[in-house]
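Each chain gets a letter, A, B, C, D, E, F, G and H, in the order it is written, and its residues are counted from 1.
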């Protein structure tokens, strides 16, 4: 079974990083995974996105008709990818920047004030890590342990302060995703 | 046409007047204008994220702006329109 | 988009600065603080002031400025990477009455397009070239350019450019200025309001040279690439002042004036 | 249109205006007479005289001649001049043509008309300066990157080259596309009598060309589009154009195909050898005819397919290791056996050599037919009188009738075909 | 060899050493591990990370990295380094590859080994930086001038790319020829788990390479010969070599072809889409399998021909307007209908889209079969157990048996074939 | 072929001049009086005297000298037209211990190969280049080269080179000498015994520079093309003296000596 | 009927000119004709040759297995093309430079002291024109009138001295070819 | 090796001696040597056509030749071998 998620938002929100962390988490869990960014000049200044496909078998098609999950970190991303979430799928929206909703009763829509939560965890730039945590917490595609190992691996030991911040942001998101912090997550509509 | 030399100096604009207009949605928050402004009256508005995802620049004190257009000269995104300073009539 | 009319000013106040007519309303795809935007604006201003917009056929490079045609309201053709001088030559020869402008980055002009720029200059083509030297390949992700400074880190010189492996920076505008076909060559920058003004004057002169028909004209502009350099926009301007200008001195390198070696016969045939 | 096979008419007006011209020079003069505004080139054997003729004539006429610093520069000068709507020619020979791959792809992508003459020589690499046809693949299939096709015209005589130059400009401008003229060293270096039937194609209104945005919105001539959806749309429009060309612009010529059991398929200089070989083969009792593609792309595939159905075999003759033979096989698709004979590196097969190959092919096909009963000659195979194929490209002697046939495979499936239809040119 | 379709074994050793690597970087590191002595390149999206990886790693290892002033310079630096017997890699993307046509032709002509990676993007012209397969023709047929062929390897996964890099060096050196690796933007930009199964091909004695004429007669590495007789002899030797490669180096992989009525033929990224489409098609009742060429030249034509004989139809899927489909048709030669579905300009078809096309194709073929009785499924069509095709390039899941078949047309006639035989390699 | 032993001289007399060992016995395909032959001989002499023959890997151009490998007994690779500097760079980098020599004509070096020569020099590649400037494309039938003098008739400038159409002659060696990577650049000629001797000394120095490892070295040699110029051999030499040398002054243009910008690290990696 | 001749010798002997003159003569006579030189670097300094094919119908193959006639102006040309003259064909050899013969009883072999005859006609450089005259005189492929018109056309009126010399050389050769000046033409063996 | 500095000067060649040997079949008759010879003792032999089709050069007066090797230096075809002049012993 292949499951796909797209992370989308402004460049600079750390979306590619979040996607890579998820991919590495999947690897840690012994899964197959495929990560592909939108690349090229539009990366700079404009919008950024990446797709992660996780599966038990080597990933086939790199293109996804409908996403099992989407993380929309700004309004254009919500507008673009909200409609492309598969029925029954998950949509995470960065409530710190976006007030709109996807108006899709058939999906699980989670609005999270990523900036505030990231700030609470120590660094309000780590918005995508919060969203990643929520995704992992909500869907259980990858274990939280694997994700932590992945973050440790990617961020590296040398930058321990950065690592601590990332782990904290991830934990906050995880809690939200698991429904342990209901107050900051707003369901759709 | 950057500067219209034929524009009449006679008709002063009616108040309230502003020395410059900021096309907020074109600003990319690079702060080049902030550094270039001799009067230090420009600053990013951290509370706002514009259409492009940036904190746009704001004129913090219109009264101190001299319409020198330094900001406009260094702005890569043609955010500013500058008007001649108000004449004390 | 905000409109550039001052609020509640019924009689229009005198505009000191506004968006030049030859510049489109579109937001550029350039990164925040990128000099390409400033330079585009200067071109629009100069062509506007000289009334050349309707006569101009422009050549876009391959580099971050590849979309120049989205921003400058001019007839445009897109040249393959580095070949703008050849493309401009083709236009020049069959359209003697048009104004021919080309825009190139340092990778475009000083690396892959070296032969084309040298020979367009050697032929003394009546072309005005704008050469944006940001010491890096901006568009492809910040690799080393021929103009990259020694010691500068880029994605393809991760430990800093080393002469023994990657050679020395090239001052190509000085090289081109040597050729008798080059009627005008100058180097400016855009690091502050004053240098922006001087650069604009250089661009204007380079356009006039074409109108005078005395040969090839080029303005090199030391620009920045905050993203590629890993600096903020303002830091990048400071870096130009501190590091780049000493290596690439500013000023008019050559201006043969009207006495320049004019074509021996009338036209471009 | 072709004069190569013209016979009686030719002798009749024997002393009418014909001049002896070198192929390279005739091509150059034909371009000039066709209204070529600008020529860009770089010296290379065996096409240097083309450039030299232009160097002399174009300035005389107040037109543009530039000896570029390289073939790369030449093709990009052409790109610039072409983008203004000027009538532009570039010429070179094999290695120089290779250097033009990027430029050609750009021009195809940004729909800039230009005529590019390749006077082929032996390869690969520096090879030799002797005649060859080993750039067929390059011209017809894969020169530059990306999905595009270039019309390729292959003259077999200097007079035909003169005709095809004007036609090439027409095609280039009608379809806004670069067009190849594929000649070879023999054609470039030889002299033949040329009838001065020069022709100047009409100019069309170029509502896309760059002239300065004076009183109209700016125009952009480009191939870039970073949005895949847009770029696909652009590509679909290009493909629709290519299909239109494929439908409308096929040219070929036949000779003694009416009762033929075998056909030689050959173009250019190889077709001249084949023509002599056909005559000799006939005199030795082989019922053989000549099928000569004049457009290599679009390749006359329907016509050849139809012909193949009533032949016992096809022999492809090229000055190459076998390139056009792939297109022949794609057209024939097993309808009859296809054999190949080629020479390389500047060698040209002699007519006797070709007859010899034909003989041994005939013998093998005979055995094969008996063994596999694969090749019954269609009983209804009927000879029709000579007539045009709609484009005047009929050789005067000999002719094989062409009726519209169903296109052979591949079927363009589903979405692709639909999208193609959706795109208006 | 390929890991793309690997399934159970894979899960078994789930936690064994795998790293997440970007395709571009994995290819670069694979080259380094394969003993690459020198890399020459020029930045271009979407392959820039390959160059950047080399920029970092090669100097660390005391090996050669040069960022050339252009692709033209890069390929010619490779020519120089390759002429000394060094193991050399060059990489670029579509427009940059076009600029290398002359250099590649020279290297083919002067028999210089080099591996050239093309991370294809949309064209023509500047096009886009999104993935595409529209340089198939260029790589497989007509890049440079002259009669030559380049082996072309097309990985469908990053792990396979790693394997094929080492193999490419082997081929290049065994046959003294440039070799293409044809990847696309997806493969270059994506990250996948890669097993670190790097491999260093053995070095061979290079009795032709330039090292200085110290104690031996001077050596010359060149492609020029002005004597047509000599150049033809050289070309015949090259052709003999190409035939040997065609005979020995074909690679392909199959999946669920045993009972297939339809096959999708696709390579690279398109093959990944096809793989998912095959699974979905099967789940919707279409008996479909996947035939995936790994070598695009030599194309697995015998294998596909044999397969075609017992299929009701073949659907070719490409990220192009239809290029490989010509080679498929050449192989199939009418044995079954061939349909095509392609996307262009950076678009990638979705699996559902492919299944849809397959369905409509199925419907049309059904009608066609009734009408023309063209397509009886061979009764003896028998499924054999998975086994290798002699080169270890078998996908783990699914396999279609290949038995040697007679080569299809064209027959190489008379003199040409004879001369080919006469030439000793 | 005559053998170079004096008739009836049992004890061998002292040889003052004889065919250099690195030159093959083959007659060249060059036209009578063509300077390429003289220059080949000088190269053979210098490499012989420096004992570099067995270490040399040479790069042949595309031009009349394309057959250099038939005459000079050295390991040779044939470069595509204009690309010899790139080819030589490739060799240089993977064979740090070999001596790398390249030979180029003016069409090859100063037209199609402009980018490659500029960047090989800019990188300071340890390569010795011999640049035969005969002001014409000899091999292809005498077309104009970038170095062709103004007013000179060639097959592609039949009424004489005109600056307005064909641009100005290029002094490319001077341009290259500007680059810090160029350790040595000089211009000689071969019009008489004395200039032949001086040119030989330049070639020798250019070879030594490579051995010293200080950068790129180039010797431009003003040569003739009697056939292309439509002159007899001796007339062509007189023409060089009267017309060409004034436009292309002889002498050492730069010799950075051992103090030249040496590679910052040891080798070619 | 197609008839072919090759003119071969040293560069500078005027062989391409002679071939072109023949081709133009054929044109004047309303015939079809094809002229092709050996081209390229070997033209300079080394040997030169050109082939002329004359016929009633447009010329087919540009390559000739066996020549109906050959003009060998030096020894290497005799060695190379002597054997390739068709049986019954004509071989003209420049006796001023070549003493050898083709030793082919099956062909008509004409040895002519071209230098001397050309000198006699006024310019001893015009060796190939003499040979051309002989060829035309011997074979009658093209009329002498047409040849004269052709020479006039090619050499041009401005260069009347040159034209006179060419015509004179041609006439001398013509006479030899027609057997009117037997003393200077030696038949083979 | 162009000039062998170690060659002994002691052993004078036996007569008949010649200052130079001309590889007649390599000469292309360009006359560069003729122009370069300070003694004017070189000339083409118009009576001979060599293997390459040229009139080769001849030493017209061996006694006046000084073995200066100017001819060899300018000859593009390495036609000359030059020997040291005869010493008046």
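To be clear about the criterion, contacts are C-beta pairs under 8 Å (C-beta built on N, C-alpha and C of every residue); 3 or more make two chains touch, one makes a residue touch a chain.
Since we're looking at a predicted model, the values are computed, not measured.
With steps allowed only between chains in touch, the distance from chain B over to chain D comes to 2.
Minimum number of contact steps separating chain E from chain H: 2. The greatest number of inter-chain C-beta pairs in contact is found between D-E.
Taking the mean of the C-alpha atoms as each chain's centre, chain B and chain F sit 61 Å apart.
Measuring from the averaged C-alpha position of chain E to that of chain G gives a distance of 56 Å.
Chain B and chain H have Cα centroids lying 87 Å from one another.
In terms of their C-alpha centroids, the spacing between chain A and chain F amounts to 63 Å. Listed for chain F are residues 30-32, 66, 78, 80, 111-112, 114-115, 118-119, 123, 139, 146, 165-166, 268-269, each touching two or more other chains.
Residue positions of chain G with contacts to 2 or more other chains are 40-42, 45-46. Listed for chain E are residues 45, 59, 65-66, 69-70, 72, 95, 102, 106, 110, 125-126, 129-130, 222-224, 226, 349, each touching two or more other chains. Considering their complex, residues 1-4, 7-9, 11-14, 16-18, 21-26, 28-32, 34-36, 52, 54, 67, 69-70, 72-78, 80-84 of chain H touch chain F. For chain D in complex with chain E, the residues that touch the partner chain are 72, 94-95, 97-99, 101-102, 105-110, 120, 122-130, 132, 134-148, 222-236, 238-239, 315-316, 320-323, 325-326, 328-330, 332-335, 337-347, 349, 353, 356-357, 360-361, 364, 409-416. Partner chain D is touched in their complex by these residues of chain G: 2, 20, 23-24, 27, 30-37, 39-41, 56-65.
The touching residues of chain H, when paired with chain G in their complex, are 28, 49, 52-53.
Interface of chain C with chain F (complex): residues 111-115, 118-119, 122-125, 146, 162-168, 170-171, 174-175, 178-181, 261, 263-269.
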